[in-house]
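Pasting a structure here, questions to come.
Chains: A, B, C and D, in written order; residue numbering restarts at 1 for each.
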Amino acid sequence: MASDESAAAAKDERVERRRAFHTYPEPSWCEFLTTSRLVDAVEDVGVDALHVGRDVIAPEHRLGVPEDDVLDRWHERAADHGARSDVLDATAGGMTGLVAVLENGPGPVIGLRVDIDALPVEEATGDDHEPACEGFRSRNAGAMHACGHDAHMTIGLGVLEELAASEFAGTFKLFFQPAEEVLGGGKPMVESGHADDLDAFFAVHVGFGHPTGTIVSGVEKPLAIRQTHAEFTGEAAHAGSAPQAGRDAMQAMAAAIQNVYGVSRHADALTRVNVGRAEAGTASNVVADRATIDLEARAGTNDVLAYLTERVDRILGTAADMHACDLSSTTIGKAPRVDSDDTLADVVGDVASATTAVETVRPTATLGASEDATYFMRRVRENGGLATYVIVGTDHPGGHHTPTFDVDEASLDIGVNVLTEAIRRTFAADDHRQ
Amino acid sequence: MASDESAAAAKDERVERRRAFHTYPEPSWCEFLTTSRLVDAVEDVGVDALHVGRDVIAPEHRLGVPEDDVLDRWHERAADHGARSDVLDATAGGMTGLVAVLENGPGPVIGLRVDIDALPVEEATGDDHEPACEGFRSRNAGAMHACGHDAHMTIGLGVLEELAASEFAGTFKLFFQPAEEVLGGGKPMVESGHADDLDAFFAVHVGFGHPTGTIVSGVEKPLAIRQTHAEFTGEAAHAGSAPQAGRDAMQAMAAAIQNVYGVSRHADALTRVNVGRAEAGTASNVVADRATIDLEARAGTNDVLAYLTERVDRILGTAADMHACDLSSTTIGKAPRVDSDDTLADVVGDVASATTAVETVRPTATLGASEDATYFMRRVRENGGLATYVIVGTDHPGGHHTPTFDVDEASLDIGVNVLTEAIRRTFAADDHRQ
Amino acid sequence: MASDESAAAAKDERVERRRAFHTYPEPSWCEFLTTSRLVDAVEDVGVDALHVGRDVIAPEHRLGVPEDDVLDRWHERAADHGARSDVLDATAGGMTGLVAVLENGPGPVIGLRVDIDALPVEEATGDDHEPACEGFRSRNAGAMHACGHDAHMTIGLGVLEELAASEFAGTFKLFFQPAEEVLGGGKPMVESGHADDLDAFFAVHVGFGHPTGTIVSGVEKPLAIRQTHAEFTGEAAHAGSAPQAGRDAMQAMAAAIQNVYGVSRHADALTRVNVGRAEAGTASNVVADRATIDLEARAGTNDVLAYLTERVDRILGTAADMHACDLSSTTIGKAPRVDSDDTLADVVGDVASATTAVETVRPTATLGASEDATYFMRRVRENGGLATYVIVGTDHPGGHHTPTFDVDEASLDIGVNVLTEAIRRTFAADDHRQ
Amino acid sequence: MASDESAAAAKDERVERRRAFHTYPEPSWCEFLTTSRLVDAVEDVGVDALHVGRDVIAPEHRLGVPEDDVLDRWHERAADHGARSDVLDATAGGMTGLVAVLENGPGPVIGLRVDIDALPVEEATGDDHEPACEGFRSRNAGAMHACGHDAHMTIGLGVLEELAASEFAGTFKLFFQPAEEVLGGGKPMVESGHADDLDAFFAVHVGFGHPTGTIVSGVEKPLAIRQTHAEFTGEAAHAGSAPQAGRDAMQAMAAAIQNVYGVSRHADALTRVNVGRAEAGTASNVVADRATIDLEARAGTNDVLAYLTERVDRILGTAADMHACDLSSTTIGKAPRVDSDDTLADVVGDVASATTAVETVRPTATLGASEDATYFMRRVRENGGLATYVIVGTDHPGGHHTPTFDVDEASLDIGVNVLTEAIRRTFAADDHRQ
């Protein structure tokens, strides 16, 4: 990094940038404006190659893609807010994201992945919620950066700037991945082939209960996960004059919900189940002929996830049948568990220990959440490379995915500094690979 | 009625009119275009008084009024489709409906009520669904005249035309009531005072399983009903990293649904319960902090309805508490049970027996459904008048409230003829009242 | 009846008799002592034929027969209390009941059926419970005459005495039917053939909310019913160290219970569902590998019962499958709906109107309960005879089947008098049959 | 140990002894015969002090004590099978268990605890179940040593014999604890004061998936647990004629079961919930007025257990209220989590590594189950002593608590040898305490 003055300027710029992202959150696969702004920012830095939209996504591997009318609405809104037409073309139909590449001669190929999508959460309005007070609360109703991806993009751009401004030997690839929240973007970006030549890979996430000043250098337990959209189809009937003529999708749904939560714990690994969204029927006087739920199962191992999903699927099917309904279900998100490599985590740990403003370095921590960055990690390790998942601590008043979530902007610089130096150091050492 | 020729013309006109209504269904309290078209039609006939919108609705008694943005959307759509601006003004904010009055000197005051709203049902598209084949399928996505109110309005206008064209002594009031499907319009129209001077009152409904050619002259058992909107509020949390921090509105909702359906039957009267609409949460990876359901209880007596609602309310409250959520609930529709008077039903029965195309006359039948016309009936009877609820049979391929519902248009004339003559006869006899 | 004095004596004797029955209630198919005492009483009267135990029961049609060890225990207890060894032999293995026959030359054959079993209810002990105060509370722990069968037997014996002491032409058959409470004894007694030659048939029940002094001459709506015993079999596991290894019969059972109560009401007839008994698992730290429930469905018509049972069976099967358990279920009780004949009910009504102490005669009433006397009624009517089901009102402090149920002993004489005279009158008129 | 020959004899004797215990399993607090036989065996060895029954149990701390009639039945059965009358007196009323003491002059006080009760499991009968083939299957119907306590008692006696036959300085206390399966005996035995002077404490358990030849020297994660007996009281009613008059304990119970299983997982520690026993109602035609369930919650930390029990209690209360029932609940078993001391575990590990037939030594393992030995461990540690929980591996064909559970008798000697030597070594070193 350069002088103190330029550092302060960079910091202010990062805060601005993060707040700009925060103001216009876009849901998974709808990050049209976001992609456009990232392209602008990357071009401002100057890179050797830039791949956008359908060049970085293998469409058949996408999960959790919204209906066309939703995609269209966000696409139009992005246009209204000034998204570039070339980017809008390249991303049309839910093909968002980009990969920026710096090539500095021979040397290892290092990747960094940051995620770019927001959540379907209505942001808080209270006086104690800083984005509301400071005027950068979400302007997209029903959408919010409630998991820090605004910070991730900012950190990613910061690292790119730092690396572009410095000497290093090798190639740096910065992956701006869409649709992490639905665990739908990781696999299609990996399947696009851009991660096939990586010698080392970093993923980064802020928070998860770790305060500002803490760095976790290698997460060991992202939960394996499967997310499912299930639809129960029955038959409508007048609830007063012919209730028996109905096949009640509402009851099928309620039975499914109650019993899915009751799936037995497993002695071999921790488990999670959640039904997070439901929608059924039309009016109180009609037996519901249709009900949909979005649910998920997570587990500490891939095997226990297989156990869970078998049980969940059994419950969905029998709950439908119990009330004479039909079931159709589709996987809307999926990610395996893949742990970090100690070798690469150690590099991060060493760097972090020497970084100003870092007070605590944890060699590892459990995630308790899921991540489709694990698709990158698995691919890189299969190819003989190293991978680690880094947490940059940040004080956050509300929990992840809640309306009062926020990040401590002081963590932006910490993230940029630790990751930039770790990437440089990985270059420098170059002892992990022949 | 006049010559055969003009009768045939009238019939064609009625079919046209019913299909026009069918094409633009509007949900409860959003019948802006419908009200405008009815005003046009009534003015074409020529009446002595016409009261529209806020002149016929006591706003504080309305139930089931949608959110402002929904009202606004339909209001704008009505404007786009050419609704009259005076009617749009008079009905703004969900104050739909009208009362048309013919005054022909001294004599009794007779009322007829028809309902005008549609249902939140997506109409069928198949080749065996006549509105689809014949080009008058609903053009308002997600809304459908699936309970015959298009026919009711047509019959009401037909009776008005017939009475206007004939000699009679007394006053005829035609009530076009909004929001019957949510049982929300009957009471506010009665509380507007327009029904206070009625000596006799007729309500009419097509179908309910009675084929074309059948007239039920006095329904005896409309079910008492209460419809409720319940909202469970919990607390969101990340389903992977902190599930225990959530208070799960999804589970509260599911427990409520499962147990509401299990409310015990009652030995004194038949009962119905239905949860017809549900909506909860945002995404599979967030513990749902909010869930809403629309549900209803019906019973064969007002006392048993009181029993049912006590049990249902207990379940809603405890289900919320069970998962540490809060509950707020509001009544969105309500109607008592009021039976028909035999005296007035007999008038209808006599007339029907003498009417061409009527093959079967039933003195009574149970309704199995609920109706807020019972508010009119109760008011009229309290004031010493007579009331009856008439069913005009119609062959209907799909059940009421289902996507394939349709009416046999041959029943339109039958309805007009029987009701016109019954109203005339009630005038003529004039022996029910001094 | 004879002089006032002997009437008073008869009355006292009836009260004694009823109390004796009340003191030693025996559950369905275990009425060994009861059968023995009835045989004694019938022999005291003197009859022309007496058929006991396996002579009056077609064993393959029995339902709800308890396990052998239960039968044995009650059989032994009956022996301990002095039951006759010939009756114990004739009834061994759960073949209880008897048919007593008076043959008085040519004339019609008339049957009266009374039921003899008790319920698995622990009788109340409070001071306000007369059987407890007066010393005739049940001495069989866990069993109680809580539905008035003690009164029924007393009335039946009273009618037999009266008829035996008077002149009449024809044959009278008195059926003491076992296992009515489990709806298991009606069919096997009918299938024994003893009811095949009946020209007229009466069944009698006290109470059902009708006070002392009321006679209902012909019940019209006994509910059709099916009772089921269902067993869920899963797999046990240690709830702490290997919960996932279990297949949890407890959860299957709970899902079944919750959803069975939610089976939709039916527009064509009233319905009832009840899960009345459940037993599952062994200890809190073992995943339950077995659960059993006893449940029933009732309906106002045989068709709606078929609807209900189809839905209930579907729920049982899917609930088992939902938790990877197996289901086996058996019908433990069953009775159709059969209404009373007006002709025969009119005879009862005429007699009742002329009977001292009868204040109110109702031509009909709904039962709201089920009865396997309907098997007799159906058989008699199929053979061209007449049948009616008579209710003898009795003030009863607690509800049927509850620990505080009791009968007003004043109703005993009323029952005897009305039925005796109705049977005589049916003889006398003899116009119902060639 | 002495010569090979006497070792073989000892081994045979141990097998005999274990099989004798296996043949007569007795449930928690009913170990009357078992206590008598243990007293005999201890007296055969010869000890310095022997405390039996009410001398070793603080009655007010007992949990999970059965009803008096159950206690009486087992007490009588023990008498029938030859239990000593002095022991029957000392243990009457459910005061089972004993503490045997060897005092060999000055030195530390060392305790070993083994548990003595059996489970309510019906033992398997198949040819592949060795106890069945070899003729030592349980002769007490419905009871079974399905968790190896027969082996524990045998190991305990073996250690006593070995220590009694050898030189050592100090005091050895052998605790034969009743009612471990209901987690009800640990606390009252500790509260009796006999464990207050311990300097070191060992608990032992066989199996838990570890094969013969494995020793786990210090379990680190016994789950904290609370077991609850809950009773729902409603009101009975005739299910056909007056269902609405009931308050249905069956539905309250089913709602409780379904929702208890759905209590959210916790990010801080693993959790378990199980409803293991249920009983409700009397017959299918009576609305159930009473239902009871036995359930449990376990957690990896005492704090998370507090979270779980708060949620479970909330659900029980609201489920009762939901169906207008009353709830009463009592804790029937309880144990905290307490981990082993590394220092003491290391002694066991060192000994085990040097023991013939031990192939694998694990310094630690999670238990996945709960144990009220933790009450001993907590008391000893509070008093400055050391404690460890040792697992002696044993091949077991069926899972713990299942009908096919069995132990590999080769593990008996291993257990005796490792524990004896560990106790001796703890004496010898004497460096853990001043």
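Quick notes on this one:
By our rule, contacts are C-beta pairs under 8 Å (C-beta built on N, C-alpha and C of every residue); 3 or more make two chains touch, one makes a residue touch a chain.
Computed from a prediction, not measured in an experiment: that's the story for all the values here.
By number of C-beta pairs in contact, A-C leads over the other of A-C and A-D.
Comparing mean CA positions across the assembly, the chain most remote from subunit B is D.
For this pair, subunit A with subunit D, the centres built from the Cα atoms lie 47 Å apart.
Centre-to-centre spacing of subunit A and subunit C amounts to 67 Å, using the average Cα coordinate of each chain.
Within subunit A, residues 241-243, 251, 255, 258-259, 261-262, 265, 267, 272, 287, 368 each touch two or more of the remaining chains. Of all residues in subunit B, only 119-121, 181-182, 208-209, 223, 225, 227-228, 235-243, 245, 250-251, 253-255, 257-258, 261, 272, 274-289, 291, 294-296, 298, 332-333, 367-370, 399-403 touch subunit A in the complex they form. For subunit A in complex with subunit C, the residues that touch the partner chain are 241-244, 246, 248, 251, 255, 258-259, 262, 264-268, 287, 307, 314-315, 318-319, 321-324. Contact residues of subunit C toward subunit B in the complex are 258-259, 261-262, 265, 267, 270-273, 368.
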